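Reviewing the structure listed below.
Note that the chains are named A, B, C and D in the order they appear, and that numbering of residues resets to 1 at the start of each chain.
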Amino acid sequence: MALDLHYTPDELRFRAEVRAWMVAHVPAQPLPTLEGEQGFALHREWEKTLAAGSWGMITWPREYGGRGASLIEWLIFEEEYYRANAPLRVNQNGIFLLGPTLMEFGSAQQKARFLPKMAAGEEIWAQAWSEPQAGSDLAALRSTATREGDEYVLRGHKIWSSRATFADWCFGIFRTDPASERHKGLTFFLVPLNHPGVRVRGIRQMHGEPGFAEIFFEDVRVPSAWRLGAEGEGWTIAMATAGFERGLMLRSPARFQVAAERLVRLYEQHAATADPALSSAVAQAVMDAEAYALSTYATATRLIAGGKIGVEASLNKIFWSELDVHIHRCALSLLGAFAELAAGDSAVVGHDAWLDGFIFSLAGPIYAGTNEIQRNIIAERLLGLPRG
Amino acid sequence: MALDLHYTPDELRFRAEVRAWMVAHVPAQPLPTLEGEQGFALHREWEKTLAAGSWGMITWPREYGGRGASLIEWLIFEEEYYRANAPLRVNQNGIFLLGPTLMEFGSAQQKARFLPKMAAGEEIWAQAWSEPQAGSDLAALRSTATREGDEYVLRGHKIWSSRATFADWCFGIFRTDPASERHKGLTFFLVPLNHPGVRVRGIRQMHGEPGFAEIFFEDVRVPSAWRLGAEGEGWTIAMATAGFERGLMLRSPARFQVAAERLVRLYEQHAATADPALSSAVAQAVMDAEAYALSTYATATRLIAGGKIGVEASLNKIFWSELDVHIHRCALSLLGAFAELAAGDSAVVGHDAWLDGFIFSLAGPIYAGTNEIQRNIIAERLLGLPRG
Amino acid sequence: MDFTFTEEQQMMAGAFRELTDDLCAPAALRAAFEGRGESSAARWQRLTELGLPGMLAPESVGGMGLTLADFILIAEAAGRAALPETLVEHAGIAVPVLSALSADARGAAVLQAAVSGEARVAVSHPFNPFIVGADQATHVLVLTDHEVHLLSKDEAKLEGHQSIDALRSLARCTGSLQPGTCIARGAGASAATALAFECGALLTAAECAGLCDALVALAVSYAAERSQFGKKIGAYQAIKHQLANVQVKLEFARPVLYAAATQATVLSGRSRFGVSHAKLAATDAADLAGRTAVQVHGAMGYSWEVDVHFYLKRALGLTGMWGDRSFHMRRVQQQLFSEHLAIGPDALFGVFKELP
Amino acid sequence: MDFTFTEEQQMMAGAFRELTDDLCAPAALRAAFEGRGESSAARWQRLTELGLPGMLAPESVGGMGLTLADFILIAEAAGRAALPETLVEHAGIAVPVLSALSADARGAAVLQAAVSGEARVAVSHPFNPFIVGADQATHVLVLTDHEVHLLSKDEAKLEGHQSIDALRSLARCTGSLQPGTCIARGAGASAATALAFECGALLTAAECAGLCDALVALAVSYAAERSQFGKKIGAYQAIKHQLANVQVKLEFARPVLYAAATQATVLSGRSRFGVSHAKLAATDAADLAGRTAVQVHGAMGYSWEVDVHFYLKRALGLTGMWGDRSFHMRRVQQQLFSEHLAIGPDALFGVFKELP
């Protein structure tokens, strides 16, 4: 039946199962930030705990450690995950981005080698996309891979690599055809971060933790078994990965719904002295979080019915990233003079880390394709306006 | 003394004089819209009344019918003018735009011929800038003026000409050098609208009145005495005129302060049921109107001290036009279901014509150079960003 | 859980859109604005041929027995076309209310005629100062908190008012209500009045979403064709990004609208929140679309000659009806801050706080 | 009516800006953030050499006898430089308060030392939960609604707190106030506390305007140099228009700030409106500037390696102090809707309703 917005009995049972597991397993105390060494290790442990319960990536096929769950079950899982205040996913580059990419483009051996360890949380992956001269303009990259026999020699300098400081492997594209330009002649590689010639240097983010890293490749010899897809196919594969990044998985609406709910509680504590406009701004945050959730359910049913995710990924990117900034700006406004307190200060009200969240939210309109680029995509591909 | 924000005794006396005159002369009932024939005639009468009191354009030199007033006196005059709810200026193209242009570029004969009648409100002027293919891109215009002996023959099609439906004269630029491109080879002409070959056709605006017109020039023969400046100097002169348009005179802050004050009264009537955010939005309108006024006083003192108006004209344009839209959107929100009532309907609350004002405000971000163009100017000329 | 429309729903909406593409082509709207062209009665006849007036009436009276969720795409398309006929009020509000009150003989008789399209029913509601479309109606359904009356056009004393949208006739009932026209009293009447409000707010929201769509389409087609400074204005980021921002608003208003359509008639705290959310989201989108479309068109957009103003004016009228922005924002806040409506990731379609 | 600064005022500000260009060059700030480089005492010494600490003290105690309007450009430049020293609190708030309360011997003695810069005075105010810069102060001036106390660093029991801005030390006084440290009581004390609030709000607004300026400058210089897709990113309208919008906010905050500086100490309804307006306008501009500067820098802007975060964090701290956004917006609304402050075109600098 169309527009039937009720969960099935199976979906309700599934929710109950997730909820029970989360109650039993989510750490009582929030883990330290995964941008630090100790926090990273604890988040790694949590991935293993998830995997042990077969909750690592429920939409994956059972053969790779998943549950073959539907997208609706995935959304329910995420709702319960965020509702339980479970830790951030240190494994997200693997399970959300590289995993689906490997399933589509990897050889049988590669799938068998990489996917189970990824699902088990045993190998944590970093992205190695960007380069100093190629930010939003990914096709401008310069790192090279030169074939020598059955090996490639990688040379170059990647940057803004999230997780790389403490991760095990990275994936990225390199220029295999030195005469090529822009999107041609690029090839996709998987490289262990402890491989000879690979050097990782953390980049501190605004809040002071090394959430980014640079990766230097100095004559790094890799076997062709670590090449994903054919030579020259790198751009196509990378675009597929970027599609997964902008797609349904990575920005669960539950995250924003939980934040909006906390914002309502915060507002209630400050209602008597707040700018009257904040009551409407907070209400708008709740509405937008729900709009994003409803839109995600609509996209999920469309995908289940065989649809493809297209330009709505760009619409989503703009909407959630602006919503996230909006929620956190409201919160800082409500906190007034307490807003500037660093996380962990004894005078911080509650444990909601609004300031860290605000700083984090500022990255939203930038990464995975800046919102300016998303607006170009919407204008050109959805509305059909002429290219610049 | 610096930052001395007090009026001098002379300025206070001047204010009292303006106030007394306005009380005695401003029509008790608002005039009908100047976009209609009857309203235009009544506004023409009002210009004559103003001129009779030497209030037509107080900053003009006495020899042309002005008072040689200072810019501070001008601002005071405008404050009292709007405070008295005096009629819109049907004469604005003449006194604010062409008048100063003539004083700078006109011959002695031209000044003597045109300025006194302009100041007296006897000849009302229309702009004839834009052409169908040249909107924001004025240099793309195609109308021509061909020299034949001591005459020129004008041919072409001007559009978006405000006031032209009922005005007496128009001014605009025409291409005198057929081989020229863009800003070169243009010449500035003054043409009576009842001259043989000139045909004016009103264009209805959104609200249904012919506030714009098209002007067709069909082999219009004009003497060279109606050419302003030299051949080929048209662009320079037109840019000077446009500078006057964006400059200090045309958008008096008093207009927005009066509107903001009325908005506060409207809010007070609806406070009990309004979206709480509207209280802050209304307060913001008042603050922005005052900010614009303060900025204008600052610019005026700078000009008095010998400064020139430059890129701040672009800053002003964006600020007042967005403020005007903001004020009227707030008002329509407060009016709720009554907002859509046409002017003159018996159920319209008060006589504040908020809906007409809203429609009018939508033109603000467009005319005198769209706000997009103003932002380019600010970015390139004030901030020094590279040209597109 | 299924968030798609059926093929039937899409076909029905598609057929209606085809019809309105013809009935409400810019030239036709312009003619109607100027009192020329096809008559309202002729247009109404063609809507009737599709069976639209009776969509939400039971099959027993000749209707299609469908629900608001089936009608929402029709309302959206009516907005997109700036349809001058008040099909949405008639079929989306009056007919369901009359269906609910069909125990009354007078009501039942008019319902029959309303389903066939022979009768055209305008709606008076305490939340709206004006009745829309009364001049072409045969009846006025007058809803109050305690009584519902059904007046023939002759029985209703109407005072006309003028909207800035000349295709939208406004009126007020000035006469007092007589006992003879009453078709429901007490709880039944107040339930009908409450129900009508939710339907009205939801469906005008859908119309606004449609208007937003139309405004974006106008602006896009102008921007793709008009050149300034040597290139199409639609190739400038300043234009692209403004239009993309409108589209984002529209795309995130639609699922809200569709979800609210499935529950608007439940009359719970959540359904009221959902309907208000839909009205706010859709009217916000239409407001931004109207201003952006004018800006993209430049001076053209400010003129009568371009079609933008038809849609902008309609949106302006619909935004104030069935609860204005302030009403719905306050209702949302009341649910959140006073009624403590359950929100959060497990409360979107119902609450599961009781699960283990 | 003269809305310009004198040559003297501009020269003073120019000299200070030159000094801070040196003291607070990005490398110097970065060193200070990491606890390296020049000491705070050394920087303070150089500020003292310009006579800045005593600008607002009477000439009789060695000060310059100037006013807030003279100091406003200094505060703006301190913000623009993200100066780590709390010169603004010391010279703009503590010194004028001590000057007003110099009848007290203890106050008079510290005033003398504060004017020379030998003493550094931090300010505790009931509207601020934290004292800024107490760790480098020699004294803490504790303002309350009924009493003013002046504590030496030893007398003040301070509990440190940590701002996200590592160059901004926060503290709270935890000890109870002893009679021996009191320098004013009653009306004099409450007047001083009220005066300090207006000065604090105004001067942090000026600092925020300066921070906005610095953030725009950083973003502009990056955008003019960084290329993407074959051209400088500053040549894209998306970047240009965002930065132009920030500049518009800044340009219309400045005259508000300067006008408020001429009347902040009057303590009238209009002066309070003006100060709150200035705080709102300047903090809004700085907020937009911070977010825009991050966006223009892309991932760089989000990293520690680029200087944006110094200014963004400082603005974040200053926005909440001396009345946060909510406080000042409510105060403006109180003036408008409860106190019926005269507004309109003849009320900007005074009211002329009585004129004939």
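Basically, a residue touches a chain if its C-beta (ideal position, glycine included) is under 8 Å from a C-beta of that chain, and two chains touch if they have at least 3 such contacts.
Predicted, not measured: the structure shown is a model, and the values here were computed from it.
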item	value
Chain at maximum distance from subunit B, centres defined as averaged CA atoms	A
A-D compared against A-C, more contacting pairs	A-C
Cα-centroid distance, subunit B relative to subunit C, in whole angstrom	39
Subunit C and subunit D: spacing of chain centres that average the CA atoms, whole Å	52
Junction residues of subunit A, two or more chains touched	275-277, 279-280, 372, 375
Sequence positions of subunit D contacting 2 or more other chains	236-239, 241, 329, 333
Complex interface listing, subunit C residues touching subunit B	128-130, 161-165, 168, 170, 172, 226-229, 236, 238-239, 287, 291, 294-295, 298-305, 308-309, 312-313, 316-317, 319-321, 324-327, 329-330, 333
In the complex with subunit C, residue positions of subunit D that touch it	236-238, 241
Subunit B residues within the subunit D interface of the complex	1-8, 11-12, 15-16, 19-20, 23, 72, 78-80, 82-83, 253-254, 257-258, 260-261, 264, 267-268, 271, 279-280, 282-283, 286-288, 290-295, 297-298, 300-302, 305, 312, 315, 318-319, 372, 374-376, 378-380, 382-388
Complex contact set, residues of subunit B against subunit C	130, 133, 135-137, 140, 159-160, 203-208, 212, 270, 273-278, 325, 329, 332-342, 344-347, 355, 359, 362-363, 365-367, 370-372, 375
Residues of subunit B that touch subunit A when the two form their complex	275-277, 279-281
